[in-house]
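Every chain is named by a letter (A, B and C) in the order it is written, and numbering of its residues begins at 1.
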Amino acid sequence: MADIVIDRVVKEFGTFRALQGVSLTVNDGEFVALLGPSGCGKTTLLRIIAGLETQTSGRVVIGGQDVSNLAPRKRGLAMVFQNYAVFPHMTVFENVAFGLRMQKAQQEEVKRKVERAAALLHIESYLDRYPAKLSGGQRQRVAVARALAVEPAVLLMDEPLSNLDALLRLEMRTELKAVLREAGTTTIYVTHDQTEAMGLADRIAVMYGGKIDQIGSPLEIYATPATRFVGGFIGSPPMNFIKVRCSQGMARIGDATLPCPATGKDMELGLRGEDASLAPNGSGIPFDIRVVEPMGSHLLLTGSIDGQPARIVAPPIAKVNAGERVGLTVDPARVTWIDSITGRAIARA
Amino acid sequence: MPARTSWIPYALIAPSVIFLGALFLVPLVQTIWLSFSAGDGFSLENYQRMAGDLNFSLAVRNTFLLTLVVVPLQVVLALAMATMVTKLDRGRDLALWVLTIPLGISDLAAGLAWLALLQNTGYLNSALYALGLIQGPVGWLSQETPWALFFAIVLAELWRATAIVLVILIAGLQLIPKEFSEAAEIFGAKPWTRFMRITLPLLKPSLQSALILRTVLAFEVFAVVYALGGRNFPVLAGEAYVWQNDNQNYGVAAAYAVLIMAISLAATAVYLRVLRTRPEQLP
Amino acid sequence: MTIQAAELPQTTKSRNMALPSARRLLLWTGLAVLLAWVLVPIYFVALGAFGGRLGVFRWPKTIWPTDLSLAAMTQFLAIEGVFNALVNSLIAAGLTVLFSVLLGAPAGYALARYSFRGQNAYRLLVLLTRAFPLAILALPLTVSFIRLGLYDTPFGVSLIHTVLALPFAALVTQSLFMGIPREYEEAAWVFGCTRFQAFMKVVLPLALPGLAATAIFAFVISWNEVFAASILTVRERTLTAYLLRILAESPLHYRFAGGFILIIPSVLFIFAVRRYLFAVWGIASK
């Protein structure tokens, strides 16, 4: 078990800056997700931590030791790859045992640890099989077992679930969480799927354009996003951003007003679809419904507020129709104010 | 693990570079140099001797004639074979294997095989005799029937060397998505039109590779001719062999070699120009 | 106005089939002719080799095997120089395999896994060797080989043959290695391997079939080569050089026996690795 310190890591590919001086500390035993869209640099960062890429500048420190110039095998890590990288010419047993064998462990110990990892991942029954005979999900488990078998100080995972179908992904996610909780390994997990990050991580680092926009617990990131990007990336349906003008501490939308923290600036009101409720008497923020989608657990209303597109979540039995205008009440404490120019959130008044 | 280890690729290619340098580039330069030297110093004597030799003009004519006849025929034949094979579903692998058997056959062995067919007491004559078309053995490969000999050599070369064109063309055909032909068909194009307007243009890069390779090899034709016709049908490579081994004159042999190289390079340049494809025109 | 099913034209059914049956027949016939065209001459060589002394000179010939005997073959092999030539061919081919794989595979790996300055120049050099009449380079090498004591040795011949086979080996192993995902090596590095260990434990086992196919093709290239072998050998001839020499003088059935020995190993080898060679040329198997 070890902590990881990433200190101002920069990575340039020619003239392209993939990572712009990223710093991050992962505490011992913590599960941190690197979350972001493709191209944001999260996989590059992970590969630099692993030693598969070399940073242009900056340091990587694991368990107090500067590993920045060390080969991957000397960093005390294990990794689960996106396409599993399970060796096709070895049995499952030999695959899981691979890291242990490279450590020159005794046969006794190898057997014990492989069987333990296999039990954790429920793959005991195919230890003798070859990967070609396994399904994607099973191969995935083999990859995770291989990583856990070496009891690493740090576990790195590069979008391990993205090649599985939706149902399998959900099952594996919960299993993974249980297994890793028990193992207590420091983990860095890369994904572009925010539900995965929210479900699995102790803290999430949301990345965009080679930088970390915000690090925090899932709830913090959800409730108090630091930037427009974070607000829009987390949560489903995506956060609505309504441009408003704020004067004398109040923002006016239609007939409704909301207290706002700054004056005279161009601002956007960040409102989650699930944080607005239908006003009983039609007062409140005007919302013109264009489409009503019954999702079973709720109604997804797509329409516009003050002419700008928005999505609102309503109770499944609400009596609303397309083409209607309804009023929304909003708790001022649950909205986010975004400075239109910088894209950063402004502290509430 | 890149940056620290950037010497590795160079270390990996170094042995082959050294090897090719010593056994390809050096002899190449030596051949050219050798052809231009006699006694001591630069001289065109070798070339003069080569050009003045009785067999020279024959060899040039024969080699060009052979190439100009055989290569287009092979391309057409290979295209036909390739189209047929790609239309098969069952037995495709078997057909492909049989058709590419000649790839594994030495040109000498190919010459011997056709010798079996075409010699005086050979199978062709036997068949013709059995059909009552001839009274006795007919000499197809003798000096008295140069055109028959030529035809025999063309046949043998067609048999032997079409496979390499076939392989390159099939690989190229497979790169053409089926959807293009299907779309053309839906829009009313007949099979021949589809072939000429869609398949063939998209096949240009493969055709270019195949033609370059095959033509360069065609200018080197040697063992088949030797097996079927001995010295009755002089070709450039054969003459080089004779000057080197029988006459022990390395200089003239080198002159022949340089001539063949020059012709091959010229042909390659022509193909590269004429069959040029702009990258944006490829699928 | 609805169209009754019975009124729909029958032609829609036949248009949905890939090829009308007349076309199909033509296809199969054409293919049969082509296949026969390839196999018949080989058959006749075999007949010539195993048809006994009389069989070769019989007039008119029959296409059915008569007087089958191994006599011609065994006599041929017993001729002085023939067995030696066989052995020389084997040695030359074996050495060619060794050299072309040892030189070509690392180059193929470098091209597959690294992008380095000069890689295009290297690829060009390799391709260039194909654009030249290679065997002809044997001419100047005669002199150098004499000086170095390599003349008239299978080893010398194998050197030239390696020049022929090396480009093939390099480019083929390049696509071979590119087909093995880099992730396998990365996983091996993470779990404790040095680059070399990762190559030996993970890449090599997976590349073995393809390397074997490359080796076999290099063997066939050397086994079949005529021109350079003839120029570079006098007494220690390879089989091809030997056969070329005796072409004018020897009895026919010996020539056929020799031809048969030339043909069969190559054909068998190519059969054994055909799937792999096709894959490597880019031809997908069904």
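Note that a residue touches a chain if its C-beta (ideal position, glycine included) is under 8 Å from a C-beta of that chain, and two chains touch if they have at least 3 such contacts.
Note that the structure is predicted; figures quoted are calculated from it, not measured.
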Per-chain CA centroid nearest to the all-protein CA mean: C
Chain whose average C-alpha position is farthest from chain A's own: B
Cα-centroid distance, chain A relative to chain C, in whole angstrom: 54
Where chain B and chain C are represented by their mean Cα positions, the distance between them in whole Å: 15
Centre-of-Cα separation between chain B and chain A, whole angstrom: 60
Contacts with 2+ other chains: residues of chain A: 51-52, 71-72
Sequence positions of chain C contacting 2 or more other chains: 189
Numbers and ranges of chain B residues touching at least 2 other chains: 1
List of chain B residues in touch with chain C within their complex: 1, 5-6, 8-10, 12-13, 15-17, 19-20, 23-24, 27-28, 30-31, 34, 80-81, 84-85, 87-89, 92-93, 95-110, 112-117, 119, 121-123, 125-126, 129-130, 137, 159, 167-168, 170-171, 174-175, 212-213, 216, 219-220, 222-223, 226-227, 230, 237, 240-241, 244-245, 250, 253-254, 257, 260-261, 264-265, 268
Chain B contact footprint on chain C (complex, rising order): 18-19, 27, 30-31, 34-35, 37-39, 41-42, 44-45, 47-48, 56-63, 99, 102-104, 106-107, 109-111, 113-114, 116, 119, 122, 125-126, 129-144, 159-160, 162-163, 166, 170, 189, 195, 220, 223-227, 230-231, 240, 243-244, 247-248, 252, 255-256, 258-259, 262-263, 266-267, 269-271, 274-275, 278, 281-286
Residue numbers on chain A that touch chain C, as the complex places them: 50-52, 71-73, 77-79, 81-83, 85, 87-89, 98-99, 102-103, 146, 150
List of chain C residues in touch with chain A within their complex: 181, 183-184, 186-194, 197, 202, 205-206
